[in-house]
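Worksheet for the structure shown next.
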Amino acid sequence: MDIVIFTIKRFVEVIFLIVFWGAVSNGSNLDLKTLTSYFLISGGVAELIMINNLPVGDGIKGNVRTGQLSNDIIKPISIFLAQYAAKLGSRVLIPVTSIIMIIVGIILIGNITLFGYLYFFIALIIAMFLSYSFNLLLGCLYLITTSTYSGITSIINQSIKFFSGALVPIYFFPDGLRQIIEFLPFNFMIYAPTTALLEKSLNNVIVKNVCISLVWSLVLLVISIYLWKKSLKKYEAYGI
Amino acid sequence: MNIIEINNLNKQFKITIRKNWIKSIFKSEYKIKKAVDNVSFTVKKGESVAFLGPNGAGKTTTTKMMTGLIYPTSGEISVLGFKPQDRNKEFLMKIGLVMGNKTGLNWDLTARQTFSIYQKIYKIPIEKYKSRLDKLSKLLNVDEHLDTPVRKLSLGERMKLELIGAILHDPEILFLDEPTIGLDIISKQNIRKFLREIQKDHGITLILTSHDMDDIELVCDRVLVINNGQLVFDNTIDYLKSNYNKDKYVKFYFDSIQDLDLNSYGEIYEQKDASITYKVAPTSLPQLISSFTSKNNVIDIDINSTPLEEMIKEIYEKK
Amino acid sequence: MGFKDFISERWQIIKINTVETFMLQLSSIFENWIVLITSFFFVIINILFINVLFTNVSTIATYTKDQMILFSLIGNLSFFINIAWSADNMASLIYGVNKGDLDLILSKPLPSLFYVTFRKIDIFLFVKGFVPGAIAYIVIIKWFSLNITFESCLAAIVIFIAGQIALNFFQFLCVIPVFFRGSAEQLMSLSWAFEYNLGRMIPLEGLDKFFRILFITLIPVMISTGLTTSVLLNKSDLLLSILFSIVVSIVFILIKILLWKFALKNYTSASS
């Protein structure tokens, strides 16, 4: 029953986003079909890589509050990886609905080449690593602050959504801002994989984007793992 | 005069069973559990009654029906002349409830702040409220914790404050569901002593559910044993002690054991490195002591009557 | 019980749960700053979002940029007021039913529904969460371009209050299943999904007539946001909207009381 409700919730989010864009595009020269396809695919991607509402990082908050984390710390496992796996396991139906959304989005655009699919797949893997790092960083924040204010996740989620293209496609942004955002890691989580499907063949821009995203994923992974270990030590030091 | 009357009380619960996860998305399967099965008893004013029973026996369910928290499936309950499930305000003004590990105090406020709400709802005259709060908090050594946010208090401190909150209004009946669970020995002793005092000095009727035998022995006069939802024993503790299991428990302390055939002396209840305890009928006691001490180097002997635990265990196992 | 007692009890509950919470909250400095900074940042992102949109279009559902920013401001107000008095209490209710803490409320002669509804009124959270962002909104909006009148302001206040009652009822609806099934967190987050994605993102005029009515009645997430803004900007009929809001709030309160009685009757309470 909970899974059904979760799925409905996800659809609600995506549908209303599309309705919103329907209102935006009404009376302008924006193509609603393209936008719908964009938000379906980006919605599916966001859920697959677990960046939407940062469930793993947010889960740490719940574990801190209930003290469950203390139980996990004494076990000989990597806590965060275990949390990640647990979240993956508990959301069995999600990949199904995400893939359905992506497929519908693809059907709406049509004309995807094999290269497009390949690039999409590569961009998705990189996006997963980036999302893992952001979840880890959020988890660190909850460990350090031991705050249970759920607004923290909401605001971080909102910021990521905005800068990653989940709320607004990046091509909407004014030039100056867009150029900055294209260098930041956020857009490689949502915008890059979503628009990867439209690519027909390899070019310099794609190579550049893949390189930048790889560097970001490596840097963020190293930093987030380091900060996580430090935060865990700090959490332990204050008494479990 | 009976202030609690229970006749043929029954309570059934529908419990969801999950067999097939795919099917359970669409339809749940249930089984019926009989938590309380045809229970009848009465309680007089001023009594101190213990409810005992294994986990899941139905004691807490019975307590909750007496406080109006759950509706019975069938049967009659009358507490202070009221039907608890009506949750009549006058009824609620006359009872108090404390549950171990649960808190009714507002987590975000201090105890004193929550008590000020109670003062209003129980219509306690302000002077009486202040003096009672002062007296009770000093008695339980929590006067310095009255102004600390509840979330920052330890379990023992919280339970004591819960207890104060439950009796500020001088209830006629106090229901306690595992009140000493998780508490340290000193806190337990304080609470037991306190409960006995308020029962004797104020004539409050106590209904106590507990697994702790010391709670029962030190606070209660009468025991009701519930097992599998049924009432299997209803009498005083003295009756229990004099009619159930009169065996003696003899504990021998030694520094070395010469005899290897320890089972030949009788039924071994417990064996440790430097001691051994036998369970023996009173008539066989002298013989056990003389034969054991003659063959082993005994340093000390303890002779005890059957612990209450064992008597209760016997009752559980009978039905 | 006399009317005086009725009011006096409830006033005591509100007073303690408001004032005292405020005093205690003042002491958690670190958390206060986190809330302040993150909420302010949220508003900045929102304003950026609207600006980005309006570099590509000139109106959204007949709303100009300043009108959209006003809509955002009202959405933010609704969010923080709701968190301060409603959402948190409903979440606590779920916890209380699951853990059995509700027993200790029901065994006292407390007006139980009133108590669980107003258990915590976190004015300070509202102050630190809403005010900084509101200042940013207020500074940016070109107020003279908005068609706001004194009457529309008054009407908007009434409708906003009705909207809060409606939101509380909607959240309460999502809590009720916990009395029967023991879990309701997903339903709560579903209600949040409606409130956020619909109530705060889409202006009332962005929907078809059917959906407008749906989302101010059966799924009442747009009353304190979309309808309030629409009335404030004189885009909707004032009198009709006020009458409608008052009727809707009374109906919701009555249904809530009935539902509570029904839920309590079936309450089996968590095992100890």
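The chains carry the letters A, B and C, assigned in the order they are written, with residues numbered from 1 in each.
Quick note on the criterion: a contact is a pair of C-beta atoms (placed from the backbone, for glycine too) under 8 Å apart; a residue touches a chain by one contact, two chains touch by 3 or more.
Every value quoted in this text rests on a predicted model; they were computed, and no experiment measured them.
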Label of the chain whose CA centroid is most distant from the centroid of chain B: A
Per-chain Cα centre nearest the global Cα centre, belonging to chain: C
Centre-to-centre distance between chain C and chain B (centres being mean Cα positions), rounded to whole Å: 44
Whole-Å separation of chain centres (CA-atom averages), chain A against chain C: 28
Separation of chain A from chain B, taking each centre as the mean of its C-alpha atoms, in whole Å: 52
Sites on chain C at which at least two other chains make contact: none
Shared-contact residues (touching 2 or more other chains) in chain A: 1
Residues of chain B whose C-beta touches two or more other chains: none
Residues on chain C engaged by chain A in the complex (per definition of touch): 30-31, 34-35, 38-39, 41-42, 45-46, 48-49, 52-53, 55-61, 83, 129, 181, 183, 185-187, 189-190, 193-194, 197-198, 201-203, 206-207
In the complex, chain C residues that touch chain B: 1, 8-9, 12-13, 16-17, 20-21, 24, 99-101, 103-110, 119-120, 265, 267-269, 271-272
Of all residues in chain A, those that touch chain C in their complex: 1-2, 5-6, 8-9, 12-13, 16-17, 19-20, 22-28, 30, 145, 147, 149, 151-152, 154-156, 158-159, 162, 167-168, 172-174, 177
In the complex with chain C, residue positions of chain B that touch it: 13, 56, 60, 64, 67-71, 87, 89, 92-93, 95-97, 99-104, 106, 108-110, 113-114, 116-118, 120-122, 149, 162, 175, 177-178
